[in-house]
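Both complexes shown next keep chain A, but they swap its partner, so chain B is in the first and chain C is in the second.
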Partner chain A sequence: MIAETGLAALWLATALCALQLVFGIMAVRGRDDLAAAVRPVAVVQGLLAAISFLMLIWLFLRTDLSVELVVRNSHSEKPWLYKFAGAWGNHEGSMLLWVTVLSVAGSLVAFFERRLRENTLIATLAAQAAIGLGFYAFLLFASNPFARSTPAPEEGMGLNPLLQDPGLAFHPPTLYFGYVGLSVAFSFAVGALMTRDVGADFARAMRPWVLGSWIFLTLGITAGSYWAYYELGWGGWWFWDPVENASLMPWLAATALLHSVTVLATRDSLRAWTVMLAVVAFSMSMIGTFLVRSGILTSVHAFAVDPRRGSFILALLVLYIGGALLLYGLRVGTVREGKKFQAVSREGALVANNLLLTAILGIVLIGTLYPLFVETLTGEQLSVGPPYFNSTAGPLALILIAIMALGPLLRWRKDDWRDLINRISFPILFSALAFAGLMFFVSPIGILPTLGIVLAVGVGAASVAPLWKRNLRRTPMFTYGMVIAHLGIAVALAGMASESAFTEEVLVATTPGQEHEVGPYTVRFVGVDPVAGPNWTAIEGQLAVTRGDGEPFGLMPQARMFASPPTETNEAAIATSWDGQLYTVLGNSDAQGRWQLRLWWKPFVTLIWLGGGMIAFGGLLSLVGRVRRERRSALREAHG
Partner chain B sequence: MKAKHQRLTLAVIAVVAVIGAGFLALAGLRDNAALFRTPAEIAVEPVPPGQSIRLGGMVAEGSIEHLPDGVTITFIVEDGEATVPVRFSGITPDLFQENSGVVAEGAFDANGVFIADNILAKHDENYMPPPMEDMASEATAS
Partner chain C sequence: MTSESNRLILWVPLGIAGIFILFFGYALFFGNANPQQKTIESRMVGQPVPEFALDPAVSNHPGLTSANLATGEPRLVNVFASWCLPCITEAPQLTALQQRGVSIDAIAIRDRPQDISNFLMRYGDPYQRIGADVDSRVQLAFGSSGVPETFVVDGEGVIRHQHIGEIRPEDVPVIMQALEDAR
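Let's turn to the complex of A and B:
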């Protein structure tokens, strides 16, 4: 019964979604009597989608083996957290989550948005329904999560052990919130284009959604990076893997959009450009969904194995992006020019930010899709990895970060570059000191890491400079948000540069009692023990670690064997201190009874994720600050 | 400068930036994209030392040797037509064994030994690099 309830709710939501689209379009074209129905329909549609998703979670919690999806992805012996997370740890469930988040976001827009012109809002909801309808159809016709399995088997097949990790359980939902927030921004852009209403009001309505989705994407990327770091056991924190790029590209576009929408909201400039970026940002989240969900990444062959799904998402992608670009081409002429500004001004710096972000986005996109195109066209297989991305996107990112330091110190509309040099004299001094320090006290570390550290110091100083000589209690919350986010970029950059320049690595075959030095630590190999978990067994290495005269402590890296499905994973053991991490991995044993041990000392590597967290927290402060100010001015208008 | 001209200037700069990024990307791809090669392909068309490629094939039976340092191994990758000697320092993936498929990332040294930086294991017991699958199915067909 649970499965049938879920499926029925899904069909009803689909019907309401179609209704929302039709009523919305008719209302925009003059049928005012239908306009009042659009908001309630959108709210109920979101509720029904949420009910459907809750039913799926219930099925997973009960391990209902009469449902095909549960059989293929769950197991009655699994810890409950992974039964719960298993609901979206598979293709069908994650697509249902996607649609649910999309519909609930539509409900929220319908329920709360009051500032925008009613006509534009209804056009926005119609656009949101158009996106939703495609994904409902995809679920119902190509990936039904509620399909029954007859006869019901005795036991389920289990969840991929790599995915059995608390961090990863909440990783996909975080990214989906980000992706879907961009779809709302896109719908606002389409709505504003349809009703010729691109201006500051539209930007203010769209901004919280862009900010919100950007916060989730930042959190998702940061958490995903840390997950890959400790779970894969390779010691790296970013691999330029297509799946990682699928989350990075929407983030790059959202970052550009976030800054241009601020220009539009406060200065009423960059109108056509902001709308274009909204289209690009949503396209990137569609491409991200396509890359991850179509199976095309395992191999273009996997795509051909199940062509219905891949082709369906590809068709949706072409339809929405093509439709939006067409609408943009037809209507961009009606978007009036915004206010002017000079090249040296905050607007000018933000335009440079946007262009660089777009260029980096283009580079990542080309590098990610190139192997797919080449293999499809010629059958030749190739891979594009870190050497390509680091050498092309790396230098551009450093320029971008330098400009980021200048932007907040510039005045809107017009400024003088001589004044600017005065304002950045302190940051430049700090950078010069950092450079001198590196030159005199540290052995040579390569150009990019040197630039990274020097820049991080200067940018860190410059990002707190907007608070200089200001009344700190009267400074608005969103200014603090910007300062913390920019400082977070500097902190993360310092972590990346330090990790790539100063990491020490030791790889040994060791016997019990032997000691190894890495960084400030001495690691003694004590031996190995067998251990068992709820659904795995493991060989656990016993390491006794000391640092200087400090107390010794134990680290236990494991090689785990999972029973269902049979898989082996390496669990790294990590010791964190204020100045970095000691990262240990246990390898195989050889015929002489020696064990392979891999040790890394990574100074200040933790700054990478600390910076990521600061960026997201800065975003959150901005969001809260903006929403509060908008509400206050709305109240003032209502009473004045 | 009028607002209209400003918009035109911005549009031109944007187009130039995107085209510039495209050129940068293509130049980067020409230098850095790693091709997938099998021993047979390398025998016909040798890969110059230092150029990154991915080498795919089967680990030859009885070819894995552990060097005395305990962390370096050598083995031979074959595909039924040709062989390539490989050296690798590090922890091999759990599914790495003789007579099974392997993908190694790295480059040849001056002596024609393939120095692997990384040995790929998809975390799937049924994984095979796609060309190997073709090979296996050809083998069963013939």
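Let's turn to the complex of A and C:
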């Protein structure tokens, strides 16, 4: 019964979604009598999708083995958390989650959005329904999560301990929230184009969705970076791997959009550009999903590959991106030019920010697709790695961060260079001190790391500068949000620069009893032990580590062997202290019984993820601050 | 002129997206989508064991030839090595199988007699015959791509089942069933 209820709710939601699309388009084209129906339909559609998803969760919690999906992906003895997460840890369930988040987002827009012009809102809901309908169709006709299995087996097959990881349970939903938020921004852009209503109100309505999705994308990327650092055992925190790039590209576009939408909301400038970015941001999340799921790219992240899914996502790409850009070509000529501003102004800094972000996005996109392009045309295999990305995107990112420090200190519309230099005198002083410190007290490091550290110090100081001489209690929450997010960028930059400049690496072939120095640590190799895990066997290295006169502690890096498929992984063992991490990896043994041991001392590497967390937290403060202010001014308007 | 070229610019994004999408479609349908890494299963399952004759790997066990495998009773051929850690993990399961009356022969891959003796002393010796496959040639002829692997060979010397990776306690019933099916 639960499965049937879920399926029925899904069909009903699909029907309402179709109705929302048809009514929405007819209402925008003049049938005003239908307009009143669109909001309620959108709300109910979201509720039905949520019911359908709750039914699926219920089936998983009960381990209902008459349902095919539960049989394939769950097991009665699984811990309940993984039963719960199992509902979306597979293709069908994750598609249902995607559609549910999409429809619930549509409901929220329909329910809460009051300030946008009514026909623009209805056009937005129609666009949202168009996106939803494609995914509903795919669910119902090609990946029904509620299909029965007859006869019901005794036990489920999904007790794969490898997948029982809290990170894996919550990583996909985080990225989905991010992608769906961008789809709402996309719908707003399409709606505003349809009704020729690209202006400040449109930007204010869209902004919380862009911010929300940006927070989730930031969290997803930060967590993914730490996961790769921890799990792959290569000691790096970013590999420019296609799957990483696929999540970075929507983030870059969303960051640009976040800033241009602020210009549009506050100053009514950058109209066409903001619409374009909204389309690009959603396109990037679709392209990312396509590249990852269709299997046309090689990556360290292996995903189950199904060409049918690839062609489906490709069809949606054609439909949505093609449709939106067609509308853009037809309509954007009629969007009036926004308010003017001078080059030296906050708008000017934000335009520079947008251009640089877009340039970096282009660099990453080209670098990610180039190997595929060459392989498809010539059959030759090659890979584009850090040397390309670091030398092209790196300098641009440094310029971008410098401008980020200036932007908040500039006035809107027009400003004066000389005043600006006054305002940044302190940060420049700090940077100069940092530079002098590096020159006199530290052995020479590369140009990029030097620039990175000097810039991080100055930018850190400059990001706090907007609070200077302000009444801190009356400073709006979103200003704090911006300050913290910008400071987070400086903190992360400091971590990256410190990691690349001061990392010490020791690679030794060692025998039991030998001691090795790395950074402030002394590592003694005690020996190795075989250990067996749920579906792997490993050799575990025993390391006794001391720092100065401190107590010794143990670290146990593992080299794991999986039987099916036959793969080897390295489980790094990491010791974290306030000033960095000791990262240890065990390698193979040679014929003389010596073991390869790789030790890294990475000073302040943790700042990278601390910064990522601060960026997301700053985004959250901004979101809460913005929503509160919008509600207050909406109330004020309502009371006249 | 200016308004004309401005108008064209509006279609540039659609053009770029079109090029990308055409390329994606081409790559998806005509490109060689990367096959994922899979467990390499032997094509020899269902075939008679390859012709071979291996010298004894240690002095206290006889060597192994293809003739030794067609004895009228199903038996196991364990591909192992003393330098292989998963082989240590599976040793108790092999001993358990032997105690349940299963005949087990072994092929030792790229190994030294002294190392094998030490290994058998430390982790148990469930084997009847052990052939030394110093250059992995017989292993490859079996269609085995790594150690450890275990083959179920029936009474006529036909390979009936391949187990890849170490035998874990939960795999023992599967192996017993495969032996039963090979009767």
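The criterion applied here is as follows: the second predicted complex is superposed on the first by the 531 of 640 C-alpha atoms of A that agree within 3 Å, B and C clash if a C-alpha of one lies under 4 Å from a C-alpha of the other, contacts with A are read in each partner's own complex, and residues count from 1 in each chain.
Basically, a residue touches a chain if its C-beta (ideal position, glycine included) is under 8 Å from a C-beta of that chain, and two chains touch if they have at least 3 such contacts.
Quick caveat: nothing in here was measured; it's all calculated off a predicted structure.
Colleague: Quick one: is A:512 in contact with chain B, with chain C, with both, or with neither? Answer first, second, both or neither.
Modeller: Neither partner.
Colleague: Give one of first, second, both or neither to describe whether A:318 is in contact with chain B, with chain C, with both, or with none.
Modeller: second
Colleague: Tell me which partner A:153 touches in the superposition: chain B (first), chain C (second), both or neither.
Modeller: neither
Colleague: Is A:328 in contact with chain B, with chain C, with both, or with neither (first, second, both, neither)?
Modeller: A:328: touches chain C, not chain B.
Colleague: Given the touch rule stated above, what does A:310 touch, chain B (first), chain C (second), both, or neither?
Modeller: second
Colleague: Is A:444 touching anything from chain B or chain C once the two structures are fitted on A? First, second, both or neither.
Modeller: So A:444 meets neither chain B nor chain C here.
Colleague: Show me the chain A residues, by the header's touch rule, that chain B contacts in one structure and chain C contacts in the other.
Modeller: 565-567.
Colleague: Any idea which chain B residues touch chain A in the complex?
Modeller: That would be residues 1-4, 6-7, 10, 13-14, 17-18, 20-22, 24-29, 31-36, 52, 54, 66, 69-71, 89-92, 94-95, 105, 123-125, 130-131 of chain B.
Colleague: State the interface residues of chain A toward chain C in the complex, per the touch definition above.
Modeller: 276, 279, 283, 287, 290, 294-298, 302, 304-305, 307, 310-311, 314, 317-318, 321-322, 325-326, 328-329, 332-333, 369, 372-373, 375-376, 530, 532, 535, 537-539, 561-567
Colleague: In the complex formed with chain A, which residues of chain C make contact?
Modeller: Checking each residue of chain C against chain A gives 6-7, 10-11, 13-14, 17-18, 20-21, 23-34, 36-40, 85-86, 88-89, 145-146, 164-166, 168.
Colleague: Could you pull out which chain A residues touch chain B in their complex?
Modeller: 160, 162, 270, 272-273, 299, 301, 337-341, 351, 355-356, 358-360, 362-363, 366-367, 370-371, 380-385, 387-388, 391-392, 396, 507-510, 559, 565-570, 585, 587-588, 590-592, 594, 596, 598
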